[in-house]
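What follows is chain A paired twice: with chain B in the first complex and chain C in the second.
So, the complex of A and B:
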């Protein structure tokens, strides 16, 4: 049996006994084969001493059990790493950031507590996946959509707290931004409700997000200040139709006015679902446009037709830009239509991205996967062209002259006003190759930061590295985060190291 | 010269000397007539011992001066009360919550640092008013709108931090929600930048709000954790037109399906500017509808016409509901149109609300004003009808059988998903009458809280009272706020008592 770092066998035994009493022995895992299930399949340190692994896991089923588990961990100074469903592959999955932590696995807390059709919101527990929430809504026959990210098995809460995004319309695609109200267990075991939930007998917890006084919800995003046990989220009333188009051009420089048009349309909320800008390969062939902007619009048919006409007029005012309208798809989709569309764009969770990445019924668990470097760049064509040159100029050098299978850049308009340039790195099972990938990844982080670009989220193994780049005024924000961390989790038991925030006793000076 | 509470004359002298050295003697105010300018004209304790008044004021002009002032206050334990322009009348104005605090007046920091038309954002200092920002944009000829609240003289930053709202379109109307990135001076004097601003050389500080790791911005809303010295905010590209309509009905119960329709239209982002639901007087006459929903839509002409057709079809599907379309007004407004519209709906700041409330050229400073009790209720017709009954049933009792001039309820859809029921209380200069108003106000707060309704913001004199109602789990949220407060402001020098958060040495047990 593994023991967490800096914990005596006696203290660990005491914590295990308390957890078994609280959740039942069958939900406390210490056997190596059970604990191995929490390994990160995409770890860039797979099988190396630096791989971050759990020492044990405990899976409560209720709020009260979470409180009991956290209290015992706090009393015995056991490092915990809460996960929702642990499916955030490429960002750490279910493995802790601080090796040897005990995974606090919340997947059994999988109740959809409410879906309100009239006010279009849901209240869920951390174990609720996108599949679960979708099924609940379908079975109840409610006329609302969820906004699924690529992997439908992920947790609705976990994805929001990790800063994830989905594939329908703004503002629902910004999953943290679309949440409304949290219930949190602090390191002390205390339960806090935020927003209007702080009012006993509140009837608007999932209506108004801000509540009264400071809004503490942001502290629980990409961090380690508490264990979120309930979350409200805004849902999208089912739009009557999705109408998509693509604006394309063969000329590199056209991306400047094209992105200006897209920005204006999105900032006016005329186009509400743009998900990407695609750059063709170098020296684009006639059959492959140099730049493509996707222009999906959700809403009632007559409205989206008027919006599309307007968008078309704006894009085609740019000389050389072509605008190609696709099919207008009415909802609910017919089975025939379901078979040929990208389901996540219609609020239907699935796992097709994994198929695309090499997973299939005949090969359900291919070794390794990928991690992404996704810096936020300004939403201008100039920044995009600069990133394109930056990628081209540095790829060979940062790959040590080898072809490491790095793929990029993919330009994602994840949310209104945010542009992310994604570079994908394959992760395998060969330590020598993984070391090269890690070295390349680190190189990209450093070079990008020097230009004022940095990531909006990070794989567990690189969370410190990227936190280091957010260093304004001698890391003033990190020091503030540490001050807050020490105050709310004085023993430093929760998710040590997550997003670069370490408890006092583990902090580098 | 007044001296702050719990401060020795020697300590105060030392702080004053440090402030004079930092900002110049002419910007440190200790004379009674200067300090009196910071009184709250709407104080419900006007002229009584309980009126919260400043002991002095200091007005820095730069970030470095703010740091120096805060450092000296921290060293000498002087309570500071930062204000932006101090114009949040009815919510405390420029007077401190903790009587005897020194006002840290930021109105000299009035630079518009950037307005970016292509990405539709601004970066401002706290002294920038809506008038200032509007003038800057007009003079630069930029094609973006601001979202003004009623009083155009208010601070853009102050309004956002107070949780204020404006009168154009969602999502810009939610002023805290529309901000992107803060610069903050902590009680230690340290400067922190949030979001992408934590990255040195960042180029997307006003693009992406979330940045990396926990989002601390929420801590600086309606609170006292730092002094905000810069804020980014999203602006609205000038919409081509505003097209307004009103849905009306004579039957009380019709508000249930009407609000369901409005909610759905807003949650689908088809209607983006609804600002209110108006209830007619009891036993409505034929000339005054029982319920009116305002339906303003912003956007390109063809799009808003399609949206209005859709909204009309939805509203008129309710038997008995009438839908009256107004004029479609194109922007920029002609001078003729400007003269007859409500300017704030077109992004033009002004002070007409004050004229409405009794201020005029011949009576520029009428004694007193009003305060509001504005609980958030669920956005359903049932809740609205319940509130209407609640108001009617309790008005006479809570007014002690007198006509105190209380006016209500006004139903405000301040933001998507939020419904506020406003009751207005006149504040005058007669202590006996003000005492009755205070007593009525307290009664409304207590009765409403018992039904699960509480305020989203509060006049300074009632911030404790309302904080008390947010008491879930023995005031768990307040205790968390206090823990955070003690961590970031260990000497408790910043805005003691604001929104019910007191520093340790002033906390009631």
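So, the complex of A and C:
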């Protein structure tokens, strides 16, 4: 049996005994074969000494059990690493950031506590996946949509807390931005409810996120200040239709006015769907447009047709830009339509995204896993063209002259005013190849930071590296985070190292 | 059902459903009830990747791997033993990460393996 670092066998035995008493022996995992299930299948350090691995796992099913587990860990100074569904693949999966931590597996907390159709919100526990919430709503026949990210088996809470995004309408795509109210177990075991939830017998916890006094919810996003055990989230009333179009051009420079139009239409809430920017002529057939902006609009049919007319007028005012209306799809989708659309755009979770880097005719021998570098870039055509040049000029150099299977850049527009310029890296089980990928990844992080661009969400192995790039005023933000960490978790038991925040006793001088 | 009422639902009561499932994947031909339990596990955890048709990465992967020599849809296969199914679930393969016991319990895995391997024929 593995023992967490800096923990005596006696202290670990005492914690294990307390956990078994709290959750039942069958939900405390110490056997090597059980603990191995918590390895990160996409770890860039797979099989190497630096791979982040758990020492054990404990799986409570209730709030009270979480409190008991955390209290015992705090008493015996055992590092805990909470996970929700454990499917945060490419960002660490179910493995801890600090090797040797005990995983606090919240998958068994899988209740949908409420779905309110009239005010369009839900209240869920951490083990609830997008599949689960979708099934619940479908079975209840409620007229609301969820906003799924690419893989549907992720946790609704976990994805929001990790800064994830989805594929339906703004503002639901911003999963943390669309949350309303948290319940948190602190390192002491005390339970806190945020926003209106701080009012005993509150009747508006999921109606109003702000409550009274400082809004602390943001402290629990990408952090290690508490264990979130409940979260409210806003749902989207099922729109009557989705109407899509494409604006295209053959000229590279046209992306500048096109993005200005797109931004204006989004900021005016004329275009509310998940837009896309595709193209760039590298390697494309001559007949392929140089740039394509997809323009999806959700809403009542009469309204979206008028919005589309307005969008068309704005785009076609740019000389040389063509605008092609696509199909208007009414909801609920027919089975025939469901078979040919991208389901996540219709609030339907699925796992088709794994086909992208999985085995396929064009990729018969895939690496298996992947990680991504996704710097945030201003949503302007000039910035996009600069990133495109940046990628082209540095790919060979950062890959050591080899083809490492790096794919990019993919321009994502999940958040208003923001471009996410995704570069994807294959991760396999060959340590030598993974070492080259790690070196390339680190190179991209450092070069991008020098341009003023940085990652929004990091794989566990690179969270320190990314945090280092957010260094304004001699790492003032990190020092503030450390001050908060020391105050709220003085023994440093929760998620040590997550997003670069280390407890005092593990901090590098 | 009220369309705005507060409700509580335990989503995966599979452990309860599977109380009668065998704890081992080796056995005589499984009875109907464990097969039904196994089907529920399959539908929840496996079908999103391994069902028939486009949009299922597991099926796509096995189509390319075997080139049609073996059916790409898991439920169409006759070569899978319960032991092999259990091994893939707990060890994973390529982009399919292993499934933990909080996701698929040992009892659920036994039922799942029996269900997926229900058409197994000895070579």
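Annotations for the structure displayed:
Just so it is clear, the second predicted complex is superposed on the first by the 495 of 509 C-alpha atoms of A that agree within 3 Å, B and C clash if a C-alpha of one lies under 4 Å from a C-alpha of the other, contacts with A are read in each partner's own complex, and residues count from 1 in each chain.
Here, a contact is a pair of C-beta atoms (placed from the backbone, for glycine too) under 8 Å apart; a residue touches a chain by one contact, two chains touch by 3 or more.
Worth saying up front: this structure is predicted, and the values here are computed from it rather than measured.
A count of residues in chain A touched by chain B and by chain C gives the higher number to B.
Shared-chain residue A:110: touches chain C; no touch with chain B.
In the superposed model, A:477 lies in contact with chain B only, and not with chain C.
In the superposition on chain A, contact is made by A:499 with chain B only, not with chain C. Contact with chain C, but none with chain B, is seen for A:350 once the two complexes are overlaid on the shared chain.
Applying the stated contact rule after C-alpha superposition, one finds that A:118 touches each of chain B and chain C.
Shared interface residues of chain A (contacting chain B in one complex, chain C in the other): 118-119.
Of all the residues in chain A, the ones that touch chain C in their complex are 27, 29, 33-34, 36-39, 41-42, 57, 59, 85-87, 89, 93-94, 105, 107-108, 110-119, 127-128, 131-132, 135-136, 140-143, 152-153, 339, 343, 350-355, 357-361, 364, 366, 368-370. In the complex of the two chains, the chain B residues touching chain A come out as 118-121, 163, 169, 171, 176-177, 180, 186, 190-194, 196-204, 207-208, 210-223, 225, 234, 236-237, 239, 260, 263-264, 267-270, 272, 299-300, 302-303, 305-307, 309-310, 376-380, 383, 415, 417-419, 449-458, 466-467, 469-473, 476-481, 483-484, 486-488, 499-501. The touching residues of chain C, when paired with chain A in their complex, are 1, 3-4, 6-12, 44, 48-49, 53-58, 60-61, 64-65, 90, 92-103.
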